[in-house]
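Every chain is named by a letter (A, B, C, D, E, F, G and H) in the order it is written, and numbering of its residues begins at 1.
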Amino acid sequence: MGNSKNGESSPLVGILMGSDSDLPVMGEAAKMLKKFGVPFELEISSAHRSPERTRQYATTAIERGLKAVIVGAGGAAHLAGVIAAETTLPVIAVPLSATSLGGLDALLSSVQMPKGIPVATMAIGAAGAVNAAIFACEIIAGSDANLAGKLLEYRKELARGVAEKSEKAKREFEG
Amino acid sequence: MGNSKNGESSPLVGILMGSDSDLPVMGEAAKMLKKFGVPFELEISSAHRSPERTRQYATTAIERGLKAVIVGAGGAAHLAGVIAAETTLPVIAVPLSATSLGGLDALLSSVQMPKGIPVATMAIGAAGAVNAAIFACEIIAGSDANLAGKLLEYRKELARGVAEKSEKAKREFEG
Amino acid sequence: MGNSKNGESSPLVGILMGSDSDLPVMGEAAKMLKKFGVPFELEISSAHRSPERTRQYATTAIERGLKAVIVGAGGAAHLAGVIAAETTLPVIAVPLSATSLGGLDALLSSVQMPKGIPVATMAIGAAGAVNAAIFACEIIAGSDANLAGKLLEYRKELARGVAEKSEKAKREFEG
Amino acid sequence: MGNSKNGESSPLVGILMGSDSDLPVMGEAAKMLKKFGVPFELEISSAHRSPERTRQYATTAIERGLKAVIVGAGGAAHLAGVIAAETTLPVIAVPLSATSLGGLDALLSSVQMPKGIPVATMAIGAAGAVNAAIFACEIIAGSDANLAGKLLEYRKELARGVAEKSEKAKREFEG
Amino acid sequence: MGNSKNGESSPLVGILMGSDSDLPVMGEAAKMLKKFGVPFELEISSAHRSPERTRQYATTAIERGLKAVIVGAGGAAHLAGVIAAETTLPVIAVPLSATSLGGLDALLSSVQMPKGIPVATMAIGAAGAVNAAIFACEIIAGSDANLAGKLLEYRKELARGVAEKSEKAKREFEG
Amino acid sequence: MGNSKNGESSPLVGILMGSDSDLPVMGEAAKMLKKFGVPFELEISSAHRSPERTRQYATTAIERGLKAVIVGAGGAAHLAGVIAAETTLPVIAVPLSATSLGGLDALLSSVQMPKGIPVATMAIGAAGAVNAAIFACEIIAGSDANLAGKLLEYRKELARGVAEKSEKAKREFEG
Amino acid sequence: MGNSKNGESSPLVGILMGSDSDLPVMGEAAKMLKKFGVPFELEISSAHRSPERTRQYATTAIERGLKAVIVGAGGAAHLAGVIAAETTLPVIAVPLSATSLGGLDALLSSVQMPKGIPVATMAIGAAGAVNAAIFACEIIAGSDANLAGKLLEYRKELARGVAEKSEKAKREFEG
Amino acid sequence: MGNSKNGESSPLVGILMGSDSDLPVMGEAAKMLKKFGVPFELEISSAHRSPERTRQYATTAIERGLKAVIVGAGGAAHLAGVIAAETTLPVIAVPLSATSLGGLDALLSSVQMPKGIPVATMAIGAAGAVNAAIFACEIIAGSDANLAGKLLEYRKELARGVAEKSEKAKREFEG
């Protein structure tokens, strides 16, 4: 890959969000991509407040070399759908809990897309942001055996973590 | 007003919907505008399947002489928000019950807009379509005394209708 | 316009709410109207606790020169519907999160109006209050070119704000 | 009691509904009152389409001799709350399933009343209409020993009905 | 009325709740009854943890002279229904927000009663507790002109309170 | 086991439901118990309409030899909780879709029991009725090796059914 | 019973949870089993992060002597269903409130099992954890008269606790 | 690609569903893959009724050459999560409306996955099945320029379809 903004190579994944208030949650996606060594770019653009910027982002995403776009938004979360309308790249939505409805609004706004324009929706909030990054890696791993190996190793790491926590909990409660 | 497509004058209200399956419901808005003699145009365009057509519609709406846009959509109903992002005309959303969730998805996708870009949301389905048309008339009536008078007359008509139905029901049940 | 209570001219927009506990949220509408230089009045009246006061408010709204009424209420939010029943002015509802149901009660109570009497519903809470004010401006801008210009300028301001926040976020996360 | 419209005496209970489409369900309340021999009146009036008629109904309810008012409404069901705002009679709401949301809108619009103005809410639909009538009888029975006796007899009738149905079901399934 | 536990006369209203954790909310009902001078009794009994105590309470309620029973419960709120099954007194439910579902569980458990056994349901939480007390007063006022007068006076007090708060808010925001 | 009403031995499982309208769904539980050869009894009793009958049922359930009670109810489904309050037998609830809310009311009324009195809740409707029967068998199988064997055989039967249906579907779609 | 990890005898109940963050809630189940003297084991295993560990747990549960398995999980709570798919032991689910949806996701993921594989679902959160333990005791008590006696005693203890709290509350509020 | 079951080459996409009752909906995914010429396989396997078959499917999916797995399930829809737990391939869930809750249960069971194991969720029902197929194509198109071209062409086809339907609707309503 070529040089990129985060110092290694051209970004393969875009992380886009509708507001800077989404950064603490969507930053979890960035951290996970760093963990897997997948170069990414991070932008803020609103479907509603900056539609031209959003369209530019979407229509140039393929030529910029992206393989997937992760989109975080809350409330009437239109951003992922608007991106998906302008690119045939896989678009992954992270619905955010940004209103008094706990993210149910963002979930339904993201997932209930009409026939023809898919948006792949993850869990509400930080779990969804982390998983969006992993899912983007799973897409890229289809043609990157090294990354595929990292994903398998991560699975083992998760399983080991569970076993260790279980031992600790057993000692505390069964002791 | 000048000549228009529906035979009288330039359209003042746009009725836009995401799919031709929305026509039976959104046609109720058209009928109500005809009743009030307000010229309108009717189009289908999808936020997701025809984004360029949708943007063209929105960005030329003011210069075409529209005073309000009524937008019907179901599921992840982004169409009203996408129109609102591209025009400062009043945008009125009619959430449609087009999925197994009874329109709750379309309602939340329409109404929970972020700060800065308002979408005025009506009831789910046909009641919302009728009321969107009346609301558009209320907007136009601010500078059209004739239409304002028609709205007042319509209110009286509604009240008379209630009284007549009540008399009929009393006879049946109390008789 | 003539002299008014807030020092410039007759109010064009009414801001009404059901309780003084709604002031912190509904005050956001007032601030936004000030920003756009649109004169307004602010009142508290309850559909249930002060029905006569509410009716007086609604039935005199047109003759007082209002062009739109913004109504905030929580729980079984009947206030906007009650106002709409007594005036043909555009009525804009702001459902408030005032109970343990997160505003879903107020949203449904506001938006699901029957055929004939529209209420234009905004998002739950502060986003809705801000947008109600902007939407009232969009209505008035139909016959006020100066205000229409301010609305266009505000859109540009929103877009610039997004771009600036994006630059800041990129530096932090991609750095 | 004096003479009344339904042939026996002055009505003690009012049955009010927002639309003639509510008659099939609200008629269940009328039937139950007839069963208990409680004179009633039945009217249609809308909180939104006929506010003056609704107010007249509410403000004269006590002087007309009513002891309770049963109110059926669907969607943004404001009618019970509006009646309760204008009378200190007990107001009993029957939320109706009149939209695609299955009556959840009417339930929340009826039950989530603010402090000061109670509305006693029954189940959605026909079960609620029947129970509203029984509940009105329970109120009146506080000063009508004859009616109190009928209510006790009705309870026994219900219990007997359960036992008979159980015998029938046992024969069929355990046979 | 005779002497009673709260120092004046026999209780006319019972306040029952399922747990002592409900006391802070249900105490609002007690305060409101004191305000109106209506003698009451207050008990804790669970439909599930103390069914015999609950049945005793319900089956003796009429002979103890009660005119209405107010029942507060959260979660799977069966208490009001269980009381209603054992008495023909008016039973008024206050659904409480006692779980992570914000009282929606208690609301549906209280309100969706089957045909034959009504439970009059109030708003979730403190507003419902206050209104349950007022509603009990409205029932009793049917044969107590003094109390009826107090209820009318209370309505005027509510309306005055609204007007005063409005004046204060106007000064602050319209300044 | 001794002789029983369904011709083989004393019932080990009680199937109870609140109304004869629940029979078509709750009959699925009866069929499944027959399949496993577990003797059962079937009764109708309402928590609200026949509380004494319900209490009799619950308080004698252990002495009658039951090992578990399956309870079906819709709406404000109190029946399982009321049974559980009067016996320490395992009580299994089947929430039924009997109102316009699709069984959400019955589900929450059944499952959200307070600390101390458990109700084991199954899926809404027929799937829940079938599974309640299987779950009762799983309880009894703890001390009945023959039944335990039948349960294992049933699992194999389920897996075989899936494989056969898959083959059929593959031929149709991949053909 | 034989020797066990918690110092007395072989575990009869398994407590399983998907994450160590579930420990504070699921620990309530452990405490309740200790109170009843029922030996238990406690483990952490995730349906998704450690599927092999989860399968091992389930497939060996019967031979390890367990009589029931209590499973706590939040979000898309698959753990109970996955355990139930691999054992014919009674599986008791405790849905946990671990996301912004208040446990509604975990409740529906646990309870809506398809025909054939039952999961007995308890209330969301700590009440459910406590009740899962009691329910497991109710299962075991079917063949353990000593435990059955303890369950009856616990019921009396609950009833006494209610009566004591009621006395205290009466003094405070009626005093 | 090599020879495959549907006559062209090795399947690249797996379509898996929990029951043959899901075939009418999930068949829409098959049709869409055929349209794009992407070879696929179709199987039925249940997370609960055939766990071993399900595990076999998941653990061999990569070696069989699949690039993505589409999983349809209703109710407590665990199938996609269980597949995702056993493979690092992209797993795409289609929640199905198979219960009285309209698919909300399946949606939440699919989408609310915990950190570490992503499931990409589509809309409930047929729209979701169609979009799952398109999304799988978007994944594969990352390394298949021919398929990428087909996706772009399909977008144009969608846009043309919208324009044609709009013309037809205009003639009918504006005529």
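Couple of notes before you dig in:
The definition used in the following text is that a residue touches a chain if its C-beta (ideal position, glycine included) is under 8 Å from a C-beta of that chain, and two chains touch if they have at least 3 such contacts.
From a predicted model like this one, the values you see are computed outputs, not experimental measurements.
When chain centres are set by their Cα atoms, the one at the greatest distance from chain D is A.
A rotation of 180 degrees, rounded to the nearest 5, superposes the Cα atoms of chain E on chain H.
Chain centres here are Cα means. That of chain D falls 49 Å from that of chain H.
The distance from the centre of chain C to the centre of chain E, with each centre set as the mean of the Cα atoms, comes to 35 Å. Shared interface positions of chain H, i.e. residues touching 2 or more other chains, are given as 19, 46, 49, 75-76, 99, 101-102, 104, 111-114, 116-117, 119, 123-124, 127, 155, 158. This structure has the following touching chain pairs: A-B, A-C, A-G, A-H, B-C, B-D, B-H, C-D, C-E, D-E, D-F, E-F, E-G, F-G, F-H, G-H. Those residues of chain E lying in contact with chain G across their complex are 5-6, 15, 19-20, 23, 27, 30, 40-46, 49-50, 52-53, 75-76, 99-102.
Note for the complex: chain D touches chain E at residues 67, 88-90, 92, 107, 111-124, 126-127, 130-132, 134-135, 138-143, 148, 151-152, 154-155, 158.
Note for the complex: chain C touches chain A at residues 97, 102-104, 123-125, 127, 155, 158-159, 161-163, 165-166, 168-170, 172-175. In the complex of the two chains, the chain C residues touching chain D come out as 18-19, 46-49, 51, 55, 74-76, 78, 81-82, 84-86, 99, 101, 104-105, 108-114, 116-117, 119.
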